[in-house]
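Note that chain A is present in both complexes that follow, paired respectively with chain B and with chain C.
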Partner chain A sequence: MLLDIRNLTISTHTANGRVNVLDKVSLQVDEGEIHTLVGESGSGKSLIARAIMGFLSPRWDVQADRLWFQDIDLLNLNAKQRREIIGVDIAMIFQDAKSYLDPNLTIGEQLNEAVLDQDLSASFFKRKAERKEKVISLLHRVGIKDHEVMMNSYAHQLSEGAAQKIMIASAIAHRPLLLIADEPTSTMEPATRQQIYRLLAQLHARYGMSILMISQDLGAIMQQTQRLSMIYSGQIMETGPADVLLAKPAHPYTEALLNTSLYRHAEMKPRARLPTLAGAEPTLQHLPIGCRLGPRCQYARPICVKTPVLEKHRERQLACHYPLHLEEDHE
Partner chain B sequence: MSTLLEVREITKTYIERTKIFKSRSFHAVKPTSFILEKGKTLAIMGSNGSGKSTLAALISGAKTPTSGDIFFAGERLIPGDYQQRSKHIRMIFQDADASLNPHLTLGKQLEEPLLFNTSLNAHQRRERIIETLQQVGLLGEHMVFYPQMMSTGQKQRASIARAIILKPDVLVADEALATLDSSVRAQIINLLLDLQDKLGIAYIFISQSPEIVKHLADEVLVMHEGMIIERGTVAEVFNNPQQSYTQKLLRSELSNAPSGSTVDAASLEKE
Partner chain C sequence: MRIYVLRQLVLLIITLFLLTIFAFCLSYWFPGDPVTNSSGIFSDDTMRYADAASSRGFDGNILVQYWHYLAHLFRGDWGISLLDSDPVFEQLQLRFGATLEIAVLAMLIALVPGVALGVLSALNFRKPIDHTILSMSLSGYSIPVFWFAQIAILLVAVRWGMLPIAGQINPLFNIEAVTGSILLDIFINQPENMGLAFRSAIRHITLPVLVLSVMPMMLLIRLTRSSMLDVLDKNYITSAYAKGLSTRRVISSHAIPNAMQNVIRELGSLLSLLITNTMIIEVIFSWPGIGSWLIRSIYERDYPVIQGGLLLIAALILCVHVALNLIHAWRYPQVRKDLHATS
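Our next item is the complex of A and B:
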């Protein structure tokens, strides 16, 4: 197990008292696995990534039974110990790649900084040349052939896809074991998205790097995804092998998201009305008691005001009192 | 067959002055003509920088064309005459958060187009606002809400309400569904379809998603480098795309050049 999160609760103070923005989230990522976490905006999926990286401001209260990376407890690290892991063994890429690049430095200069001293073997006088060589090979690895032009460009000259490739290049400079990708493609056009997905899949296949992919659209996840976790309003709804979940969603939320996604309705009549999830995502001030999907769920019954726990059903885990389509599995 | 909107040989050229007597021009939209019929949906597809957003801005009047004319029901639309145009053509944007004014309540924002373009009195304006809010699935009570009090889906509904409050005939939607969550997107798609059935509005839909275009549109224009390279009904274009660019676009596997500088109309205009 590479990353092991058990009962992660993140809370904050609001005018109406303490609110658990994340409510007992458990998530595991194995070595060499592509794990996609799907949730709509405001579901707290980025908070999980930030809690792993330790980016959260002190206003957020982070508690967990376990927040382990291999055998390191990420909750009790001082700044120095954290620096030895973050950016080296765990790397992260973000949604708006261009805004994370320094507008004042050329791409070459920025990638120079990403190559760590400990990765260089040459003597002091040959270091500069070796560093440049490493940067060029990084650029080649993310599929940029014209490295001279790229190294002399500034961030504003790049297209979105190219900027994200630079982010990936600097993230993989030290061969991280885990790459956290927080909606890296959500603002891209579909063609560029496919390109970035292909690149990530290649890196995964070649170096066995694990990827925790965060996505907001079930219809546009990476095809290579092995495990899928669904998060709604700070609660994990269902988690399991991607093909099982997509073929037979057992949680009403997974089913609803699958239904609303146009990508899965190839045979649907044009202009037909789509099945939707009624209502809107609850605000932090008005979180429902129990299962937070309750008020929007068409299968909800009185018992749903009790929070369901994440239980194992064959190869998947789900948190629902009345799961769908599971009867056939128990023949 | 009643022609509602006719775009005739419209162009948009940006001129960038590189030296004192030298300049470089960038043709964002090359001569383009098309016709939109009443109650129909026209989709414009193309990758980034293909000129589709510029074309949308030309139609809605946000930008002035370099040459060419737009006719609405036989009447020429004069660039800069927003009173004439805004009664017929309205626009909704990608980012509902940014397109609503955070300082005004929803009621005030909806009242503004009525104040500028109609001679309704205060009571009639209020009636019209409540009626429009109900059409987009909101309530009259939302009049007193500020944008930040509403969810993303409600904000997009509010911006649709602002667009249809003048009872336009054409609605231009520039990537209006791209950043929405899938459950909200499904709700908005249903709303747009319902409004079209009820009010007979024609849509011009700018989108990069083949799925959305296939579901919503009657006709498709494919743009590439400022030119329309393919046009036809959705069935024709999707089942039998002629150009290799269209085929790639529909497969969503278009590879853009990874290196070098990208020149797009938006960045030129800023300078």
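Our next item is the complex of A and C:
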């Protein structure tokens, strides 16, 4: 197991007392796996990514039974130990890539920084040339052929897609074992999104790096996704192989999200209503007790005020008192 | 970039041109006789008065007069002082050097600690260091410079006798003014006791420069701090950390350069404040600069001097603004995108 998160709870102080923004989240990523984490905005997906990277400001209180990367406890690292992992074995790309590029440095200068000294073999005086070579090959790897022009460009001269490619290039500079992609394509048009997905899939196939993809749209996840986790309001609802979950959602939330996606309703009658979840995602001040989906769940019963535990059901894990479709599974 | 430079320079020339029109009009707006106001020659000196009137085109219409005014301006004939009949242009040159000397030195002294303390306080946001620096800068900024200067003289110069009270250099040294800047003049004059002269000059210049540097330093701290806090919240700082760079590296190669962008832009407005303060300081420390001269001329209604001094200071501020814009655009590429020089 590459990344092992058990019962990660992130809380913060608000005017109404302590709020668990993430509530006992468990998430596992295997070597060479593409794992997609799906949830609406505000469900705490990015918090998980930032907790892994160690980017959270001190006002967030992070607690976990386990937050391990391979056999390293990510929760108890000092700055130096963290630097040996972050940017080396774990890399991250972000939503709105342009704003993650320094506006005052050329792309070449920024990629130079991403190439680590320990990856260079040449003597001190030839380092510069070797570094440049590495940067050029990085650019080629993410499909940018015109490297001279690109290296002398500034962030404001790039398109969103090109900026994301640069971010990917800088992320893969050290062949990370795990790439965390926090909604990398949510601000892009579909064609560019497919381009980026194809690029990520290629890198995954070539280097066997694991990808933890964070997405808010179940209808636009990477086709190559192997495992899928659904998160709602800081609780993991269901996790399992992508094809199983998409074919037979067992959790009411997975089903509801699938139903809102148009692809599932090719045979829908004209002018029919698109089925959606009733209500809105709860705010942090008014989190329901128990299963946080409860108030919006059409199958909810009184027992749902007790938080369901994530339990194994054959190849999937599920946190629901009344799962759907599971009977058929047992036939 | 070339287009940006050209645009800025064209803008500068046009503004300077407008400035000369304004300065020209001053001779008419000031009370009294325009010929006297612009040339500094009284009408009782009939011969020279007639000369001045004809050479400045006062027999022609206003455009002819303006043309002659420009010609005199470029020739370096800015009239003579009404008080002591010194040629304005030569005097301005000398005094300008003296003013620049303390203003530039004060700015340089303010720059490094100002920026460093600002960065330090931003990095320790809301910690005791931050509060200390911030309250220091607030109180330093609130102390009026004329009061502070006098207290400094009283304590440092009078009570403790560590530094001289006023002046540029001990008058026993016979230094001929060439540039007006005392340190440069000593170097040019090469007197036999140069070391002593330098020592005396530095002792004289220390107090005014230090007092003058307080306000820009305090402003710089606040500017740098807020700009730095802004930048530290930016996404590219997060991604720099994500690359695995050390905090030190992130701060020095991403945060500070970007924070300086705002600071450089604001330096221009700091300069106008600095010039105003320089004038006050010059009066208090009897520094023979343009400011003390100008203030005396305003008291004495010495119109040619007022006119020339205003023109020079305004031109200086303009040029510095344009220079800062150019530095800004040269260093910060996304500014160049904006080809129309808007500021």
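Assume the second predicted complex is superposed on the first by the 329 of 331 C-alpha atoms of A that agree within 3 Å, B and C clash if a C-alpha of one lies under 4 Å from a C-alpha of the other, contacts with A are read in each partner's own complex, and residues count from 1 in each chain.
Note that in this section a residue touches a chain if its C-beta (ideal position, glycine included) is under 8 Å from a C-beta of that chain, and two chains touch if they have at least 3 such contacts.
Values in this document were obtained by computation on a predicted structure and should not be read as measured data.
Once chain A of one complex is fitted onto chain A of the other, the partner contacts of A:M53 are limited to chain C, with no touch recorded for chain B. More residues of chain A lie in contact with B than with the other chain of the pair chain B and chain C. Once chain A of one complex is fitted onto chain A of the other, the partner contacts of A:L158 are limited to chain B, with no touch recorded for chain C. By the touch criterion stated above, A:L277 is placed in contact with chain B alone, chain C being left untouched. In the superposition on chain A, A:G208 makes contact with neither chain B nor chain C. Legend: residue contacts after superposition of the two complexes on their common chain; A:Q216 is shown touching chain B, with no touch to chain C.
In the superposition on chain A, no contact is made by A:P295 with either chain B or chain C. Across the interface of their complex, chain A is touched by residues 234-236, 238-247, 249, 253-254, 257-258, 261, 331-334, 337 of chain C. The residues of chain B lying in touch with chain A in their complex are 47-48, 151-154, 179, 181-187, 189-190, 193-194, 208-212, 214-216, 234, 248-249, 252-256, 258-262. Considering their complex, residues 40-41, 143-146, 149-150, 153, 157-162, 165, 186-187, 189-195, 216-219, 256-257, 259-263, 265, 268, 270-277, 280-281, 283 of chain A touch chain B. In the complex of the two chains, the chain A residues touching chain C come out as 53, 55, 79, 83-84, 86-88, 91-92, 94, 96, 99-105, 113-114, 116, 154-156, 167, 170-171.
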